[in-house]
Amino acid sequence: MANLLDVRNLHVSYRGRKGDNPVVKGISFSLGQERLGIVGESGSGKSTIGRALLKLLPTANITAERMQFGETNLLTCREKEMLQVRGRRMSMILQDPKFSLNPVHRVGDQVAEAYRIHSGASRGAAKQRTLEMLEAVQIRDPERVFSLYPHEVSGGMGQRVMIAMMLIPEPELIIADEPTSALDVTVRMQVLKILNDLVISKGIGLIMISHDLNLVRNFCDRVLVMRSGEFVEERQARDLKNAEHPYTRGLLAAQPHIGGDRRPLPVLSRSQTIKVATVEGTP
Amino acid sequence: MSNLVLTERRNGPVVMAARRFAAVIGELLANPTAAFGVIVIAILLLTALLAPVLASHDPNVVDLGNALGRPSSLHWFGTDELGRDVYSRLVYGSRISLTFIFIVSIIVGPVGLLVGTTAGYFGGWCDTVMMRITDIFLSFPSLILALAFVAALGAGLENAIIAIALTAWPPIARLARAETLTFRGADYIAASRMQGASPLRIIVKSIMPMCLPSVLVRITLSMATVILTAAGLGFLGLGAQPPLPEWGAMMATGRRYMLDNWWLVAFPGGAILLVSLAFNLLGDGLRDVLDPKQK
Amino acid sequence: MSAIEIEDLSISLGIGVHAKRILGGVNFSVDKGESFGLVGESGSGKSTVLRCIARLLNAWDGRIAINNKAVRDTPQDEYCRTVQMVFQDPYGSLHPRQSIQTALQEPLRIQRMDRHQERMEQALIEVGLTPAFLQRYPHELSGGQRQRVAIARALILDPSVLLLDEPTSALDVSVQAEVLNLLSELRARKGLTYLLVSHDLAVIDHMCDRLAVMQHGRIVEILDRAVLSTGRATDPYARELIRASVEYDQAV
């Protein structure tokens, strides 16, 4: 299986007044037509990876040995070539549709625009395709929703519109950055299932970035755990309970569960100099 | 993302404020246009402070035999129609400009802040009444309004300052109100209310400090207009009265002899331009530095 | 004895035909020393109930009583020393320009209490921080540390009832664990009564004895914690909510 994406030794840093501030410190991974999850807490650098791949970080310093997306070398790609990649071959679904949809344009127009930019189709054809896509994300009333504004749609529906918008140009790879964090629990499962079905049926590669280990474990094939800019563990999702790295085990143990006992939750030791975290239970 | 400061800090609020001030100046100097603003205003301040030292002649000494002299090594900027040294008058005139700026800021800042924050915090009829009063002041062009006030109060430096201050406070009040509306719903305000803090305490201790950066920027930008309005009033003979070396008044009297004696108008005009521009650039630079979104 | 008693709490905005009901006939009570959860999705009104009890919202109908005394009849000072609140966003609940010392000293000053330094240091130690934190500013602290300071601030007036509005939703899992442990420990030690609002049933299950499920401004069912594991709620929405949460949770 040819790899869709091949990243080796990626470094991302920001230039601050007191020197370089490294955010991603030499990570490597590859992605085929599978669902890959990248899990980490805030500040781990996971969101930066997605944006670095799409070269959406103008002020950052991005270096790598290899950043190959199909036939395109993302490292040496100029902005003009990136315009062909972004949206058309690689897209990103963001966290909160309230902020990722333009509030002054109708929802349907935005999706249609995404289609027209990458295919040059006419307005009528774009609208037709948009309606088809809205149906594919299980919006029951595509005609009505087409003419709504972002503030008139609920969170779950907004996110489904985002999915439609990002999938309509038929990309090869989708990066989902916390796609369900802003949604209620009952809606979350629905949206994830839709995304899942579409990704599998169209053979799209998926990178799911999240802080939620449960989410990633349920919906991805493979999981990468990230801490302070580095990957500390890679595992098949179904095998996650056998995680070896103390940090991963710590994350798994720290999550409260329904039906769990009420003893104090195990807590990660907060030492910043030691790379390996230790797990200690409070008495 | 956090950077824990592991050292213990025992500095009082004054040292902290001084450090912050120095940090702001440093950031401003890193920006070329803002640096220009800072430097020009620093020069203005020094000139006003050291006027007796920097002036080459007494600004009020009349020497009719030397009237309308060209710029020379003795009189760097030439002499005016009464033989007074233009350069020295310019230097002493900086004191008057600075007085305008300083007193207007002292009046306008607190008044605008108080009106704006109170209107924004309480809302309801308090807000409506205060904002309609503000609107009345805002709807007049500032020079016309200042003219009207001076005409009512009489010509003179003090009255001109009051008149300009009365026209400069409304934008500050509007701005403070807008900022207050944003901060009023914050959780820390709710926490203060739950502790039993009175509205006055909340406004002064919690809301005003948050409005301060925007208000400071706005006041700085207003100073550019204040300089021009003061010069305008002076030009019309309604501001500082002769023989005070106010820059606008200097341009008014110089206008009569302008065609053959360009230095009478060019130098005061240039000074007004420079200082007004400097405040504009400083205000822009301050906005970039103080903008909390960039932190 | 009931620490919190809510009777027929309602809020309605607008008049006549266009009236929008924010809360409709909310009824529940919380015993002294109990930890009670309020669950619901966004827009269910759970945070609104908290704000009514906190007296941040005053346009409600019905009856709210704390320690058997009607909230509307209680003088301000007495109320501040009885009921306090911990807010959701650690980045928004501390004043960005005030030091931790100021944040902790303000309530002491307003309520004219004595021994400021001693109380502040004690408050910080109780939440697992050190007195050195008094000199710091919020932007120098991590999310977990800010939330601890917020808890210290809430407890410094020695209340008996603590309202918690999604106190850990904005925190990472590992930090959430620390804060939840802290909250459990404080409740045990001080005999506090908790009213905890959350959308996360796992957190509610860990922290609370009983809970009320809210939807569209109404309580649809009041449950015992045990029902979360069995899933045998009576109300269909409550059942659906529990089912979705369990599916998401995948208890090990």
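Labels for the chains are A, B and C, by order of writing; each one numbers its residues from 1.
Everything that follows uses one rule, which is that a contact is a pair of C-beta atoms (placed from the backbone, for glycine too) under 8 Å apart; a residue touches a chain by one contact, two chains touch by 3 or more.
All values derive from a computational prediction rather than experimental measurement.
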item	value
Highest C-beta pair count, chain pair	A-C
Chain whose mean Cα position lies farthest from chain C	B
Geometric centre distance via CA averages, chain B-chain A, whole Å	50
Euclidean distance of C-alpha centroids - chain A vs chain C, Å	32
Of all residues in chain A, the ones touching two or more other chains	42
Junction residues of chain C - those touching two or more other chains	143
Junction residues of chain B, two or more chains touched	2
In the complex, chain B residues that touch chain C	2-5, 8-10, 186-188, 190-197, 201, 205-206, 209-210, 292, 295
Footprint of chain A on chain C - complex, ascending	41-42, 143, 172-178, 180-181, 184-185, 199-203, 205-206, 228-229, 240-242, 244-252
Residue ranges of chain C touching chain B (in the complex, touch as defined)	54-56, 76-77, 79-80, 83-85, 87-89, 92-98, 106-107, 110-111, 132, 135-136, 139-143, 145, 150, 153-154, 157
Interface residues, chain A side, partner chain C - complex	41-42, 155, 184-189, 211, 213-215, 217-218, 241, 250-252, 254-260, 262, 264-268, 282
